[in-house]
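Across the two complexes that follow, chain A remains constant while its partner is chain B and subsequently chain C.
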Partner chain A sequence: MTTIDAKGVYYKQLNEQIKEAVANGAKRIKLTNVMGQYYIADGITGDASIEIEGVPGQDLAAFMNGPTIVVKNNAQDTIGNTMDSGKIVIHGLAGDVLGYGMRGGKMHILSDVGYRVGIHMKSYKEKVPVIIVGGNAGDFFGEYMAGGVLILLGINPVREEMPICGDYLGTGMHGGVMYIRGKVDIDRCGAEVGLDKLDAMDKKLLKRYLEDYCKDFDLDINEILKEEFTKVYPKSKRPYGTLYCY
Partner chain B sequence: MLYKSFVDSFSDYIIDRNEDKCILCRICERQCSYEAHGFDKKNSVMTKQDHKCICCRRCEAMCPTGAISIRENPSQFKRNSNWTASHRKNIYKQAETGGILLVGMGNPTGKQPTYFDRMLLDASQVTNPSIDPLREPMELRTYLGRKPDRLEFEEKDGRVSLKTKLTPQLKLEYPIMFSAMSYGAINYNVHVGMARASQKMGIYYNTGEGGLHKSLYPYGANTIVQVASGRFGVNAEYLNVAGGIEIKIGQGAKPGIGGHLPGEKVNEEVSRTRMIPAGTDALSPAPHHDIYSIEDLRQLIYALKEATDYKNPVSVKIAAVHNSAAIASGIVRAGADILTLDGYRGGTGAAPLVTRNNVGIPIELALASVDQRLRDEGIRNHVSIVVGGGIRSSADVVKAIALGADAVYIGTATLVSVGCTLCRMCFTGKCPWGIATNDQSLSKRINPDIAEEKLSNLIRGWGLEIKEIIGGMGLNALESMRGSRHRLRGVGLSESELDILGIAPAGK
Partner chain C sequence: MFYEKDISGCGLSGFIDKSKKRVSGEEIIKSIALQHDRGNGLGGGFAAYGIYPEFKDYYAFHIMYDNMNALATTEELLHKDLLVKHYEKIPVRRTLKIPTHPILRRYFVKAKPSEEEYELLDIESLDEDDFIVRLVMRINSEVKGAFVFSSGKNMGAFKGVGFPEDVADFFKLDEYHGYIWTAHNRFPTNTPGWWGGAHPFTLLDWSIVHNGEVSSYGINKRYLEMFGYKCTLFTDTEVVTYILDLLIRKHKLSKELACKVLSSAFWKDIDNMDDIDQKVNTALRMVYGSALLNGPFAILFAYKNGLIGLNDRVKLRPLIVGYKGDRVYMSSEESAIRIIEPDLDTVFAPKAGEPVIVEFEAEA
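Right, the complex of A and B next:
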């Protein structure tokens, strides 16, 4: 275990230390006293696991390719920006625009997330990004989603007074799938999505993703699966195909 | 009323086939991807449907006996200067479909002034004599990137070396780059041609927002990779293999509008490179939803710098709009190394007509105002300015550089050099010249080796012309002319236009 004390260290130097540790073959890295430093693990490739004590700043794990990151606290905005593969586990809540253009890997969040989570997510063949949110989500969840899986549970909300998801759910969605625990109000959805019950394949997939999620947070999967889920799917791969004339 | 399509009822062009010369070889039929030519087997005669002709002139070029000529249809709607024929035709189309009018390439109407044509260059006479580029060494080399406020040197054992650590720079042997045209909008063969020509000539090409085909990674050192709102094909390897990175905010032909590659153009290879399933629309909306402020832009710029260990300069590309100067100032302060300005006359594979023809401002005015603003604020050296959107010749290049640009992007000129005839139907994916298409049989019409040669020739030719022009000014380095607006004079321009361009009227 390599421990790096982030106290008073600017992000640039902190990331240099992390990259150096990874280059030297460190497989387990612990960052202590993290206080909002941006870009932690940005662009890092490999299979290292990084444990973060404190609150990491914006763009955590942007363009990350492989490593596992565990945040023992809350986290901020734009986590996993265009992330390629790897895993992020957040034992708290997180901010806006998580997993923008994410193309692979997993992001598990214990509690709530902000606006525009999972937007522009993509998948190609075996690469399927997955974000699971334990609490509530803000508006534009899965906007322009082109691939991957978004799962929203609403079981551990901090903002209890909020609905499980905001408005414009899946607006512009043209690929991928969302599973949302409980009922979804169609009036909250974008015009491009449809709602349905889960079929056998959906249930199998959901269970597989949730097993991994429950292991990370020591949760009971049966408790989560007690309530029925709603599937949110794109009505078309080409939502704007008839928009133009020439 | 007319109970069939107006569009099919009136043809813009007429295909003339000289029956005496035609040998019924049917090449025109095979060459026309719009099916304007046909063959009547029963009567053994060639047929034609004029309304399908887009005037690309492919058949004319390929006809072995010169039997075909395409001409404009002399039969036109009754003349009306206000209600032009195109206004009427557009209304017919929209009344039939209820859709947004889509167009390709830059605005052809020429209704706004082209300021490059209203500016004339200087030359030396008698004093400070001109330099003959045939005999004297001439320097066109250009470095793009942030320049330090001051330089410090150190002396060791009688040798002087630079002490100041420079931020990364793009080294160009000519002040010209092939502008962002995505793989998908144009095909692989054109990309191969641009990549090889860039390497050969010591310049750069820009991938556009469609990712970079793995086979082109070896040309990475001459590649600028783009990061746009759709993040197509973006990963750490893509960012690191490149020489430079560009964040695309806007495009001159369609400011405020995003990219939208139709599913028809997303074939297996395009899908692999873009990392999306085949047949899906590739939607890249105008807003980056992680950027709502200059601070947010800074966050993305530095996310990219962190991901590439600060070895790649980062460019931010915006469309030339009314407040470009203020926006540019913010972009420079956000940490961009290069500012790319794309003007009103710029090309595109597809844009709504209403946007292309009505939104944005000409590049000359935007460039002059941005350059001036950055000078006034004392931050001009913090960024290099690259301009695109209307560069048609080496003269335009020289005038842009005299106005304050460091280098230019050429898009339309790039495509014209590999055979584009500006028929402006790029968005259909049926480009008969094999450029703006991913159809396998059409794409083969571009030979990457010949494309490389033609593109290299164009750069070489323009380079020679630029040397002639600056030599004529008594200069032996392009750097000496950069931002020298006193080398320009305006003709037929109003006082306010001269003021914005920062140039004097001819004769003064």
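Right, the complex of A and C next:
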């Protein structure tokens, strides 16, 4: 285990230290006293696992390819931008614009997320990005979603009184799928999505993804599956294919 | 005073102590300094409440001057219209990080209308606050090179061109003690970076720090001009301060309703509201359509009794709220709160257009 004390270290030096540790073959890295440093683990390739104590800053794990990141606290905005593969586990809440253009790997969040989560996620062949949110989500969840899987549970919110998901759900969605625990109001969805029950294949996939999620947070999958999920899917792969062609 | 304009982003932070316990500026400086990279050195500023207890019944005018001419002209106006209890240079610390600065003075004043002015005020049923607002507008629009950047009681704004931690060092904010502090780190996008254009923007005891841009500036400005507000500071955020002064102080709207004017409900949501809410929200949009703020924003809005955080209606800027005992913190980034209070009771991100209003307990 390589431990790096981030107390008072500027993000640039901190990221240099992390990259150096990875280059020297460190497999387990622990960052202590992290306080808002930007760009942690950006663009790192390999199978290192990085544990973070403290609140990491914006753009955590952008372009990351392979590593596992475990954040013991809350995290901030724009995590996993264009992430390629690997895993991010957040034992708290996270902010806006998570998984922007994410193209592979997993992001597991224990509690709430902000606005525009999963915006323009995409998938290709075996690369299927997955984001699972244990709390509630803000508006524009899965905006312009082009691929991958978004799962929203609403079981660990900070504020119980808030709805599980916000307005404009899946606006512009044209690929991928969302599974949302409980009912979804079609009036709060974008014009491009349809709602359905889960079929056998959906249920199998959901169970597989949730088993991994429950392992990360020591949760009971049967409790979660007690409630029916709603499937949110894109009605068309090219909703605006003829917009400028008439 | 002008600098070249630059591109993108801003950071803000603030907190209130509900028990009115005063703390030095060191905490807020630490919080905004952590967000150093959200700005670019073209503007930093602070608002502090409870800092002038020895003059708490006097309006504290902070004025910046380009030259001694502007100072002389302004002071003539001040001595004519105001009772000046005390005045002095705003104390500053020489620092290499703030190489140049305007002439800075502060004045603790009360209104002293002439008999003629008094008559006019009486006819229009205006009070001392209105008199002060008119004087601030007059100085800012008529005296070349003079800007009143703070005019409230027992509060003050401190701002300039530089990173906020350097501006704080320059103004010796570690030596002030307040029960509400807000701070701003500027990254000017559409308007010039100059001393008057740094945040907060204040009028009387209202102060605003803002991350975002007011796309509706033109409409808001023209609307405010009808009520005698003059936008003179070359920066969009100025209108937010005047809109809140108009809505809350003049039109007596509650804080909640004023926030609903700035960040109004969408028509599609108004259609689905129950009868009373539908009527209220429709009325607000009809009457105050020109006061709606369009464009992305997160603002912290402080005043003598409290602190409010508010986002735009589709939440295009970050805002995090943290609670700990008597303290409520609001910031662009959670880490900027954790650096001064690691052990928070609750943390959450308010929804789009959802105001977080924190006031002191009513005083007995």
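Observations, loosely collected:
The working rule: the second predicted complex is superposed on the first by the 245 of 246 C-alpha atoms of A that agree within 3 Å, B and C clash if a C-alpha of one lies under 4 Å from a C-alpha of the other, contacts with A are read in each partner's own complex, and residues count from 1 in each chain.
Quick note on the criterion: a residue touches a chain if its C-beta (ideal position, glycine included) is under 8 Å from a C-beta of that chain, and two chains touch if they have at least 3 such contacts.
These figures come from a predicted structure and were not determined experimentally.
In the superposed model, A:36 lies in contact with chain C only, and not with chain B. Touch criterion met: A:55 reaches chain C, while chain B stays clear of it. Of the two partner chains placed by superposition, only chain B is touched by A:240; chain C is not. Shared-chain residue A:112: touches chain C; no touch with chain B. When the two complexes are overlaid on their common chain A, residue A:159 makes contact with chain C while staying clear of chain B.
Judged by the number of chain A residues each one touches, B leads among chain B and chain C. After overlaying the two complexes on the shared chain, residue contacts for A:192 are found with neither chain B nor chain C.
The intersection of chain A residues touching chain B with those touching chain C, taken from the two complexes, comprises 11, 38, 58, 77, 140.
Across the complex, chain B meets chain A through its residues 93-94, 96-103, 227, 229-232, 234-237, 239-240, 260, 262-263, 271-272, 275-277, 279-281, 283, 285, 289-290, 299, 302-303, 306-309, 350, 352, 425, 427-428. Residues 11-12, 15, 19, 38-39, 42-43, 45, 58-59, 62-65, 77-78, 81-82, 84, 97, 100-101, 103, 116, 119-120, 122-124, 127, 140, 143-144, 146-147, 172, 174-175, 237-246 of chain A are the ones touching chain B in the complex. Chain C meets chain A in the complex at residues 34-35, 37, 269, 272, 314-315, 318, 320, 333-336, 338-339, 346-349, 351-352. Interface residues of chain A facing chain C in the complex, by the touch rule stated above, are 11, 35-36, 38, 54-55, 57-58, 74, 76-77, 93, 95-96, 112, 114-115, 138-140, 158-159, 162, 166-167, 187.
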